[in-house]
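Next up is a structure, given as structure tokens.
Every chain is named by a letter (A, B, C and D) in the order it is written, and numbering of its residues begins at 1.
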Amino acid sequence: MVLIWPLFIPLLGAALLLLCRDRRVADAVALAVCGVEILAIGNAVWQVHRWGSIEGRYLRADGLTSFFLVNIAFISALSLVYATGYLRHVGEGRFSSARWFYALVYLFLFTMVGVCLSANLGLLWIMMEATTLASAFLVGFYNTEGAVEAGWKYIVVCTVGIAFALFGTIVFYLAAVKGGLSHASALNWTTLLAAASQKQFDPNLVRLAFVFILVGYGTKVGFVPMHSWLPDAHAEAPTPVSAMLSAILLNCAMYALIRYEILASRAIGTEFAHTLLLFFGTFSIVVAGLLILVQRNLKRMLAYSSVEHMGIIAIGVGLGGPLGLLGALLHTFNHSTAKALLFFGAGNVRHNFGTLRMDRVRGMARSNPRTAGVLIVGGLAIVGLPPFSLFVSEFAILSEAFTQSRYLIGGVFLLVLSLVFGGFLYHLLRMICGASQETQPKPHFARAEFAVMVVAGVCLLYFGVHIPAAFSVLLREAMTVLQ
Amino acid sequence: MTMALGAVQVLILILGAPLARGIIARIKAWFQRRQGASIWRPYAELGKLFQKEDLVPPTSSLIFILAPRVMFAAALAVAAFVPVLQPFALFGSVGDFVLMVYLLALGRFFLALGALDGGGAFGGMGASRDALISTLAEAPLLLALAAVSISARSASITGIVGGTLRQNFFEISAVHILAFAALGMVALAESGRMPVDNPTTHLELTMIHEAMTLEYSGPSLALLEWAGAVKLNIMLALLISLFGPWGMAGSLSPAALGIALGAYLLKMLVLMSVLAVIESSMAKLRMYRVPDFLGVAAALSVLAVFFTMIAKR
Amino acid sequence: MEFVGIAAGKVVSTSAVFLILTIVGLAVARRISTCVLLFSMQSVIITAQVAATAYLENSREAWVVAGLVFTFKVLGIPYAFFWLVERLKSPRDVKASTTPAQSVFVVVVMVFISYAAVRSYVFGIRVPEDALAAAVALILTGAFLMVSRKKALMQMLGLLVLENGIFLAALTTTFGMPLVIEMGVLFDVVVGLLLMGIFTFRIRDTFEHLDVSRLRRLRG
Amino acid sequence: MMVLDVTFWSFLALLGVIVPLLQLGGRGRFVRALSIFLLLVGILAGLAVAGVCFWKNVPVTLRLPSVAAFPLSLAVDRLSAFFLFLICSVSLPVCIFSTSYVTHHYAAEKARWMWALLSLFILSMAVVVTASTGLAFLVGWELMTIVSAGLILIEGDSEERIHDVYIYLLMMHAGAAAVVAAFFLYWPYAHGLEFDALRSASMSLPAGLRGAIFLLAFVGFSTKAGIIPFHLWLPRAHPIAPSPVSALMSGVMLKTAIYGLVRFGFDFLHGGPRWSGYLVLAAGAVSGLLGVLYAIAEHDLKRLLAYHSVENIGIIYLGLGSSLLFLANGAPMWANLALIAALLHTLNHALFKSLLFLGAGAIAHSTHTLDLEKLGGLLGRMPITGAAFLVGCCSIVGLPMFNGFISEWLTFRSFLYGSNLTNTEAQVVLPLMIGILALIGGLAAACFIKVYGVAFLGRPRSTEAEHAAEAPLNMRLGMVVLALACILLGLFPLTVLSPLASLAQLLVPGSTAPEEIYFISRVIPWVALTLLGALVVMQAVRRRQRVAAIWACGLPGLTSRMQYTSTAFSKPIRSVFVSVYKPDRTVNRLPTGQSYFANSISYRSQRTTSFEKFLYRPFVDAIVAAARQVGRLQTGNIQVYLLYIFLTLVSLLVCLRFLR
């Protein structure tokens, strides 16, 4: 019952918001629903902490779920508060009004919470596909050429990818059924985990299933070469949605993948799944690192950076080990914060300069010092410099790589970090420094927007220096699920 | 007593320097079948200059006056490193060759600054050319000294001299021959003699050392000239004491000291004759051939160092 | 009743051939409406197979699934497609980037591959080899259609064929997943198609054509 | 020692938190003045801690709360104390200098950032040298880079500057990656990055790994140190920073790299692999020679000084290399000597290079230019600055009685001992390094004759130089403090040498304090006395002076354009070493076609370093080309995207089939 609320509230919120015709009312309702949702998630996380895990027929939650739920709550709260300021600049169209926006966002949120709470692998798939469906209109929200194109690519590519995940799910189901589980429980995660530990599954089938799952959910995570939808969708979506796509959706897809990784590792040993994850992770960071170098559009660059960071998380999970998993989980959270902050900054750039072309933006330090500050903090954090939190998580993953004497991966990782550093700094320095353009854009900044960014920035800094005790507990409980 | 003798040695090197110049000029004149001036003339010149007033360019600063004095003081300090009559010198046992070379560099540094402070074109020209030469001379100088020092297993000047003294003249090694050649060439360059520099020219295309002292007059010029003479004297004395110290006074008896003085004067005369021969028979090198000349010296000194390794086996 | 059982068994064992026929048809079809019809026929075969399975396994859930499949895939979706083709008023050819001959060749190769791929798995799990191979062939053909047909509508159709293949695979290997899940999957498919349909309108409105291979503004 | 702990804490707190917060958050002049005062107090506290630890050898350890699974702690052992002392003793005069520099040069808003970042910069360097876990080290290391880049950007942000800063950041990051890798290679053996663990793990490392760690540390730290060919950033970044920052970057920040190399090479690895000495020697020789040669060709004062940093780091490397070589050949006594030489030169270079950069700052303050061709005659106009700068010049050239000489002398002596080794290669290589060092010294002397002669002596070459006025009091104070330090250290080196000898004994086990340090300490005062005595005597018997114009070859008078310029001065050396410079010369005559009757001739000589052309450019081009190729895969065609997915799936399935 505890788990119903986090699912139900966004759905209810979406319905409520469709009724709000006035933008101000919609803002207020959206924020209120967000507050209630945070409470619901907080309650669920607390209960999980108290009882260890909550099992249900269709919904369940354990430490890993809590961790991702906290992530979702945090980022969506930031995004929604940011959106209240952001939407003032958006022209009202037939379906591009504030209420539609909020309604779709809450629908999107519902599906993502659903992904995390699913106890049934089939339900997990359904929710995963639903995330695509819910966010497709958000991606195409502006209804411009680019938005429509991005939306189409997003929905088609992701649906095809997810279709393979469905096949993978079926094969897993087959393996479970052949392994002696009943039809009703052969998709239930808890049962499957127990059976996997007993080595009841045909290893060949599990391998086959995992390959399909990896390609399928990997499309959603944004592994190269299945990442093609990602830069388009991130670049064309409204900024709060970009932030949510990058900072929550990708994590949710990663969450699904991690669930299967746990199963596969239990069933056939860790080597197979880990090798695949390491391969895709490494390949992704190399390609994304190179692509970051040649981007011209700020949001596209951020999108490729997301690909890179998902690769890093995959490497962390693929390495396993206490430090690798710790790093991967921390990195999930840290990357979300940093990427959300950067997307917010990018949104401001778009408002103030009317473009996202990085070569047309100059001298922000003078004309928009606050946006410049946001981009500096976010940029330094995302390339993994201390004292920001991504440094710590990347440090942990690297430690694990070297602990296992995987010098190749460690070396490639370090090289790519330098590459990405070069790519980011090249553009950021030019955007922030230098003489500003002749037509001075009006520095614009709503208080709410700025507050959000300050929260994110402080969070990045704080987690780089110290990890709060509560968060440590959350991390520890998530890691017990993983190990 | 030893200390006193050390002081005497310094005086010999300082006060005898103009004389050495005079003698060289006289030998050169003899080679050129001229009568030549008196060998005491340099003293007269110095005396004359010391009587005069110092002319200071209007744009110059304190450095202009300071430079000749630092130059002379440095020469004085270096003179205290070189054994003449006995295998001992004031700084000879505590100071090593590196310190000695760097003291010479101190003088040169300030001389060049003084030249630049004149504010004319020639000072800069001389300083620039001198900078090239002394830069290139420093490496062979130190390497050759190092080679000698390695084979004597001591870095101090008196230690090296003592090491050579313990050797028989006929057992003199390849290291010494090579180092001697290198040091000889460097000594020519360092003291501004042919074929590197012509001390008698004032032609703007060719002069180096003279260009640097061109704006000086009176006591400053006297100090510069004197210091230059001391430097030459030191170089010659150094060559003698490092490569041919035999005859130096082992004890402080008058007889030994007398022999030592005689031997020193004789050896000095030989070297000065060689110098005069070189100066009379060779043309000055073009400016950009000087690096080749010093390159040969460097090669010789590198070989000398290399041979120390072979000699040790 | 014995006769029905035999017929059901027959359906299960021979449907593969008919499915392969529809695949070949899809490869050579030049008009969108033909493709939709072929898809509809494909769905009929699958429905029949579900029904046969339901009868043989005597499962009530499977009957519900058969009903759902029939309603949506045989009737609903093809009807929606025809409606779309009418409303979009776009040219009716499929705009293939391969000639029909090439397409047929590719499809035939894919059928071979399917049989070869399935062979190594069927021994372990005892499923009808033909049906599973047909399912894999459907998946591959769906993928092929999506890659080789430039029309947005044809991509949707390719996706449907692909989904049919997956459904069939689930059916032949495990006799279907739990009902709730099947319904959820079907719901997703339908909503997904709905969204894609809306997007086709948007594409037509913004670009004035439906050729997705020309949507190349975002790249690099 | 509670007192030391508290002092060290207050140093960290003042520099890291209080001063930046007061500067950025505080309002009013009083608060800002207070924060500057607190900054100076903080540095003094650091100086006190470092001094006590260095001379009395009392270690201080601070444990900080760990981040995630990684402990953070700072510890001041004797090596750290030496470097902390170096940092603080240079920072103090630089900050004094800055008090007037910043007020004169920056508006209030920039000044706040300047002070805040300056404080953080000093702190980050202190963190680097006192860190006792890998994480703390790397945090300090990266902070140091970012903060210094911020300081450079405060000065101005034109396109070229941004480009230079970018190159700086990029190379620093790549270097940091190498350092990170060097640390991480320890992990399987040390199970952590605490320095104690690394130290004990070094015993059990396999030989290959030792070599790899040393190589990575060498590359990483050499990048920071500006060793050729990793020096590309140095002559770009140092000149464009504000002068006090240049002083800190060149004087102190480069030294953190030396610290790192000593930490790794001596403390952790106890000498590294056998070839380590040759590698470091070669790097030092190349950097020393090329650095000074490039410096001579420059006529921008700060660029010239930057290249001299390359040279001096080269000299330090020569000392370190010979120490490593001695260590590898089982001669700890001489290794000790060479290490002392290197460390002393580190301190010396910090003192005189920051003095020179401050001098450059004072010149820029008074004349608004750093182009040597536009200076001249400044000594009469800025006597204190001029005198202090002269001390700096004498020190960097290594003239006796100044501090640079002591360390160069020790280096020479250590080379000389090379002949006593049994290893034939070392026996030849080390003594030959005497020649290299002598050549470097000679070239440096030539270069600083040029600098001082052209900038401070003769006639002014521009109206700005003609109207130059002496720098404000605080600037002078900063320079004079450093100049005095240079002289005192040059005359009485034993104060630093004897604790350094004890430090070297810790790093090189089995050695005793070499007699050379006592030797030089004894002889230098006597030599100085002789020189000064002679000078005093000569001054006493000085005759009258008269000011008279010099002979102008019959022309009406001399103008400043007739003086030798900086370019002209260096011409002989440049033409001898032409193969090093490889200049691209272009001569344009107008009108074209008539070679004898030209109206105007313009001559341009441009030098792009060969390293940039042949090493970095192809590398960067290759990466960008690869990135573009990869970018082409993102065609924009959705069908191709789908194909990627299918192909990935198929190839994975094929792999699955065949790997089974």
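Here is the rule we go by: a contact is a pair of C-beta atoms (placed from the backbone, for glycine too) under 8 Å apart; a residue touches a chain by one contact, two chains touch by 3 or more.
All values derive from a computational prediction rather than experimental measurement.
Student: Supply the minimal count of touching-chain steps required to go from chain B to chain C.
Tutor: 2
Student: Report the chain whose mean Cα position is at the greatest distance from that of chain B.
Tutor: C
Student: More contacting C-beta pairs: A-D or C-D?
Tutor: Greater number of contacting C-beta pairs: A-D.
Student: Please compute the C-alpha centroid of chain A, do the same for chain B, then give the distance between them in whole Å.
Tutor: 79
Student: Could you state the distance in Å from the CA-based centre of chain C to that of chain D?
Tutor: Chain centroid spacing, chain C to chain D, equals 70 Å.
Student: Measure off the straight-line distance from the CA centroid of chain A to the CA centroid of chain D, and report it in whole Å.
Tutor: Averaging C-alpha atoms per chain gives centres 43 Å apart.
Student: I'd like to verify one number: the distance from the centre of chain A to the centre of chain C, where each centre is the average of its C-alpha atoms, in whole angstrom.
Tutor: Each chain's C-alpha centroid was found; their separation is 32 Å.
Student: So which bits of chain A are touching at least two other chains?
Tutor: 152-153, 156, 160, 204, 208, 231, 294
Student: Taking each residue of chain C in turn, which ones touch at least two of the other chains?
Tutor: 143, 146, 155, 212, 215, 217-218, 220
Student: Name the residues of chain B that each touch 2 or more other chains.
Tutor: In chain B, no residue touches at least two other chains, as defined above.
Student: Following the definition at the start, I'd like every touching pair of chains, please.
Tutor: A-C, A-D, B-D, C-D
Student: Quick check: in the complex, which residue numbers of chain C touch chain A?
Tutor: Listed in rising order, the residues of chain C that touch chain A are 121, 124-125, 139, 143, 146, 152, 155, 159, 162-163, 166, 169-170, 173-174, 177-178, 180-181, 184-185, 187-188, 191-192, 195-196, 199, 202-203, 206-207, 212, 215, 217-218, 220.
Student: Mind pulling up the chain A residues that touch chain C in the complex?
Tutor: 58, 120, 122-123, 125-126, 129-130, 132-133, 136-137, 140, 143-146, 148-153, 155-156, 159-160, 163, 166-167, 170-171, 173-174, 177-178, 183-184, 187, 202, 204-205, 208, 231-232, 235-236, 294-296, 300
Student: For a test of understanding, state which residues of chain B touch chain D in their complex under the given definition.
Tutor: 50, 52-65, 69-70, 72-74, 76-77, 80, 91, 94-96, 98-99, 101-103, 105-106, 108-109, 112-113, 115-121, 123-125, 127-129, 131-132, 134-143, 146-147, 149-150, 155, 215, 218-219, 223, 287-288, 291, 298, 301-302, 305-306, 308-309, 312
Student: Write out the stretch or stretches of chain A touching chain D in their complex.
Tutor: The contact residues of chain A facing chain D are 152-153, 156-157, 160-161, 164, 204, 207-208, 211-212, 214-215, 219, 225-226, 228-229, 231, 276, 287, 290-291, 293-294, 322-323, 326, 330, 363, 365, 380, 385-387, 391-393, 395-396, 398-399, 401-405, 407, 410-411, 414-415, 417-419, 421-422, 425-426, 429-430, 433-435, 464-467.
Student: Give every residue of chain D touching chain C within the complex, in rising order.
Tutor: For this pair, the touching residues of chain D are 631-632, 634-639, 642-643, 646, 653, 657.
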